[in-house]
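Next up: some structures, all given as structure tokens.
Both complexes below contain chain A, partnered by chain B and then by chain C.
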Partner chain A sequence: MSAAPLLEVRELSLAFRTRGGTVRALDRVSLTLGPGETLGIVGESGSGKSVLAYAVMGLQDRAGRLTGGAVLWRGRRIDRLGEAALRRLRGPEMAMIFQSPRAALNPIRRIGDQLADVLRAHRPLGRAAARAEAAAMLAQVRIPDPAARLAAYPFELSGGMCQRVMIALALACAPALLIADEPTTGLDVTTQAAIMDLLRGLARGRGMATILITHDLGLAAAHCDRIAVMHAGQLVETGPTAAVFAAPLHPYARALARSVPGPETTLATLETVPGSLPDLSAPDLPACRYAGRCPQAQPRCRTEAPPAVPGAAGQVARCWNPGP
Partner chain B sequence: MGRIGARYVVNRMLAALPVLAGVVVLTFVLVRLLPADPAAFFASGPAMGPEEIEALRRQLGLDRTIPEQLAIYVRGLLAGELGRSLVTGQPVAADLAARLPASLELTVAAFALAVAVAVPLGVLAAARPGSLLDHLVRLIAAAGVAMPPFVTGLVLIHLFYVLAGWAPDPTSRSDPYLPSSPPVTGFLTIDTALDGNWGQFRAVCGRLVLPAGTMALFALAPLVRMTRAAMLDVLTADFVRTARALGLSRARILLVYALRNALVPVVTTAGMVLSYMLGANVLVEKVFAWPGIGSYALDALVASDYAPVQGFVLTVAAIFVALNLGVDLLCAAADPRVGLE
Partner chain C sequence: MTPILEARGLRKLFPLPPARPRGLAGLFARGTPRRLHAVDEVSFALERGGALGLVGDSGCGKSTLAQMLARLIEPTAGAVLLQGRDITAVPAAAFARSPDRRRIQMVFQDATDALNPHDSVFRAIADPARRLLPGLSAQALRALVHDTAARVHLPPGLLGRYPHQLSGGQRARVGIARAIVVSPEVLILDEPTSALDVSVQAVILKLLHRLRAETGMTYVFVSHDLNVVRMLCDRVLVMYLGRLVEEGPVDAVFRSPRHPYTAALIDAIPQFGRPSARREGLEGEPQSPVNPSPAMCRLAGRCRHEGAFCRRAMPDLLPAGAAHRAACFHPLGG
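Presenting the complex of A and B:
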């Protein structure tokens, strides 16, 4: 493994042009990811986690435009690549799995054919070879009787099975990075655990880096080496998982950490972060977008971009007034 | 293919029988409500007096009550007879059988042309929304609705026959000065091709272009609009994003992932369009003097010749029923989730 990061996101900004105005969905987001590393991106829903993931893969929809920064893959800029060049990265280099796995699969195509489509998009495989490999992939994600399942349609499978198929699709070309966007949301608890175990096992076995996007902090804490906390399109804190949860610096990260249900929490004592996300299409967004909700906000939080403040345990917060 | 059994097809055909019976009764009664007297129409020679007309009326069975006439007609239908045309003097069934291939050839050619143009246009427009092509497609979709087919037909005749002189005269299906081919299918394009009669083949195709183009223009707008809308809808689906995230090629995403999923609304619309075309045939055939069942029925209607009109409506209704069944079978074939009950 080389020292160079696999993925580097540098000061990335992205805006959607909509009828209601410009939605500034990402604001100078930076992060790095090494080979084999597992990064959790957490934050309330609407904080820009999915938009960031799509931007990395060049999948943002037409209304979205990168307005600044860069995305580097193995040291090479990929944010300006054309669709054809991106296509060669997607699958063999990076792949993604999604929330609502059933909707993520083509409803009228047999899963064997969908797997073969991916394999043959990147490798010169014959039909029979693709079929054999598709069955092997289904076996890897522990789908029973894989050869028979090749003929199944997604509507014939459970949600958990569909997510396994989705994982098989994503891993078919052995990517170096897997982005899992809320992979277990909507699945029942036992299935969630099984899917996460499967993902972790496969990632370890292949030395594959993983970005786990979730609003479930417990999940992130259990599975990730490092955590990035996002709020309203800004990355407010990153660091080793233990540091971010045990000694968060940013007031939002602290509020989030308090909202993680521990063994002693009951529904009554469980806190949620007060206030709500600011309107990202407002023309007068404060420099720190948490300022409107922050109990420690100062006047300059609204006018000047906050500095990066390192903490003792390796965490870094972007805050004018980081907590203890 | 267990879902699409022969039993389903038989059940559907049985279910259509009441509809066809209703069509028979309704057209029978409606035709007789017209303010015309066939006996007077056909007895309009100078030597014909009221007695002769009365005799003719008796001979045609028109002196009986309408329920009695209907009973006689239905008895004939059950025996496979559609009655006799007063104009041609032939059995209606024979007339229709002789003219149906002309109508079908025209309709099929027009439909194929419309689909061949509309589906690619709709797909390309949806692939690049807001592009020049997309605007053009939306213009076509809007303009097509505004033009009734017989007007389009007259305009095309004026442009390409009268002014430009490119089109052959719009009075027949084939060139009367060239040898004709033995009828096999009744489709002159196929019959001349089977015969190797290429001169006549070219003449036949040439004569098909304007009427088929007229009907195709009529069908283009709804087809292109539905293709574009269905494609736009599918292209925002999660599974299309998945396909992109896995690096599938653009062509595969567009044609295999998106278009196939858009097929059910497109096929349904195509079935509807084809049904409308069978109706629109009447006027287009008249404009182009096309010897099909539409112009036959129109002439009969003008002459108060009841049996051919009834036979025409029944034929078209039967084709409608078959078409609907075909559309449902195609949709079931296109989408494994579509149940056939």
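Presenting the complex of A and C:
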């Protein structure tokens, strides 16, 4: 890579202290993201996708603790910043949209006021100017009749419309990175397509980088430049979308890719992923956390951290026994 | 041959509080009655052993239709026929004790909500058998529950557990087991895999396919995932805002959809290597399902193929190929 990465996550580990023991939710996760790039983070529920995104934003809850590694934003460490410094970063540098847009919006405040709040928190704008700007933002996310919608409450809008408002809020300060955590889960397929097209169009137009977190591999494949596959808190494979889907190296990435029903899939060719996620609070987790489910596991998969193995098409897998 | 399951002009309208003028006048006005048209004039027939997929956006009425077919809620109008006999003649509450209850069963969307948290897996599966298969000895019941659990690949060791001790995939299996324990002829499945990860979904889909092959059960499979419907079903029914807009063999509907809404739905499936160049995207927001105009296509205002007629009359379902019907004045590929 020639240009300095926008975001670099270096060997990041994170643990939650719970009554049931310490849950090691992230285990030495590394990834980089360039300006304007779209990265899809995929994996089963419980694989640590959202935890990773929250950690990047410095949003982990109090039970969570970074136990190793670093997060670098434009080359500067941000994982030890205080809340005030993080707050200056969130908005103009990175922003996030969440899974249930209706829950993320304040139910008893009008859409226009919520947008104006964000604008005025970051920019010296008067009331009227903020209002005009808010209407312009709604127009940008293609909400019809934006000036009238400023007076609407979230419950008066459909799920798709609420997600558009969330996108408008997130983009208010023109961030360099947008993290979208399952932005279309719970929306209809047709609405999902419209939201994803909107996000992509806005990202392209602004040169904004995007991290798309999703359990829907089809969605990630259709909309991302690169894919990162997570399993049980470990990043098992990264690479260009085409490579990870067409020629995955890691046995888990391979099984996951083949378990997604596509237009040509039949029940006979549909694959299943054996076993289930290991208990992340177990004291004796294998070095590769897929070892217990992997048909190709060797004894050293349990004892030694797997090496990063590069593939022909630019993908990198962490595996002792990567397949073709 | 008499179809195993038939819907004749099924409607479900939910009454809403009437719209009244604001302020003091509202206290005295009677207000306009408002009714949400969840399912409107749906008719179709299903042959024994078939698998019918029911697709459409949320709020299109597919779950309401499924619940009417399963005889769980009362239709506002129309009838459901099980092998030619009108099962809507019996009120839904009484139907629960009728011998026909055993013949049509339902698997619910989220097994976590559908299972009683206080019941062990054994009880969850045994309960429908106790009610619907009277005269079963305790020993026979035990054997039946164990046998059913084995058919859905639930290890016997899990029978003593409670729902919260199970994984999502195991709960889905329990949901299926308690529906098939009474050997139904028709199984209505309402999004049985939508709460599951893809990896688990694949296992459950294979299981459902095998069960149908083994027993010859007839499936009605509600899903928003068209690829899943394509794999599991042989016919598909597409709904939009309560109306049946297209019905036909899965292959024909997917290869050459006739209704613009079906085309948009198929086009919206995210697919590798085909990002945003959509041909059939829908514009704008759907019409309101409350007191919709009876003389207008429900897709009007969102459709790129809209013509002069679309706002003057409701299109009828007309033949659009072999065993293929579509309700559109401007069918695609025609």
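Just a few scattered comments:
Throughout what follows, the second predicted complex is superposed on the first by the 318 of 324 C-alpha atoms of A that agree within 3 Å, B and C clash if a C-alpha of one lies under 4 Å from a C-alpha of the other, contacts with A are read in each partner's own complex, and residues count from 1 in each chain.
In this text, a contact is a pair of C-beta atoms (placed from the backbone, for glycine too) under 8 Å apart; a residue touches a chain by one contact, two chains touch by 3 or more.
What you are looking at is a predicted structure, and each value in this text was computed from that prediction instead of being measured.
With the C-alpha superposition on chain A as described, chain C and chain B fit side by side in the combined arrangement. Of the two partner chains, chain C is the only one touched by A:272; chain B is not. Centred on chain A, the angle reaching out to chain B and chain C in the chain A superposition, using CA centres, is 80 degrees in steps of 10.
In the overlay built on the shared chain, the residue A:296 is in contact with neither chain B nor chain C. Judged by the touch definition given at the top, the superposed model places A:117 against chain B, while chain C stays out of reach. Of the two partner chains placed around the shared chain by superposition, chain B is the only one that A:155 touches, whereas chain C remains out of contact. When the two structures are aligned on the shared chain, A:13 is found in touch with neither chain B nor chain C. Judged by the touch definition given at the top, the superposed model places A:222 against chain C, while chain B stays out of reach. Judged by the number of chain A residues each one touches, C leads among chain B and chain C. Minimum C-alpha separation, chain B to chain C, in the superposed model: 6 Å. Taken together, the two complexes place no residue of chain A in contact with both chain B and chain C.
By the touch criterion stated above, chain C contacts chain A in their complex at residues 57-58, 167, 169, 197-203, 205-206, 209, 224-228, 230-232, 254, 264-265, 267-276, 278, 281-282, 284-285.
Those residues of chain A whose C-beta lies close enough to touch chain B in the complex are 57, 59, 61-62, 83, 86-92, 95-96, 98, 100, 103-109, 117-118, 121-122, 153, 155, 166, 169-170, 172-173. Residue ranges on chain B touching chain A, taken from their complex, read 129, 236-239, 241-250, 252, 256-257, 260-261, 334-337.
Contact residues of chain A toward chain C in the complex are 44-45, 144, 158, 160-161, 188-194, 196-197, 200-201, 215-219, 221-223, 241-242, 245, 255-256, 259-263, 265-267, 270-273, 276.
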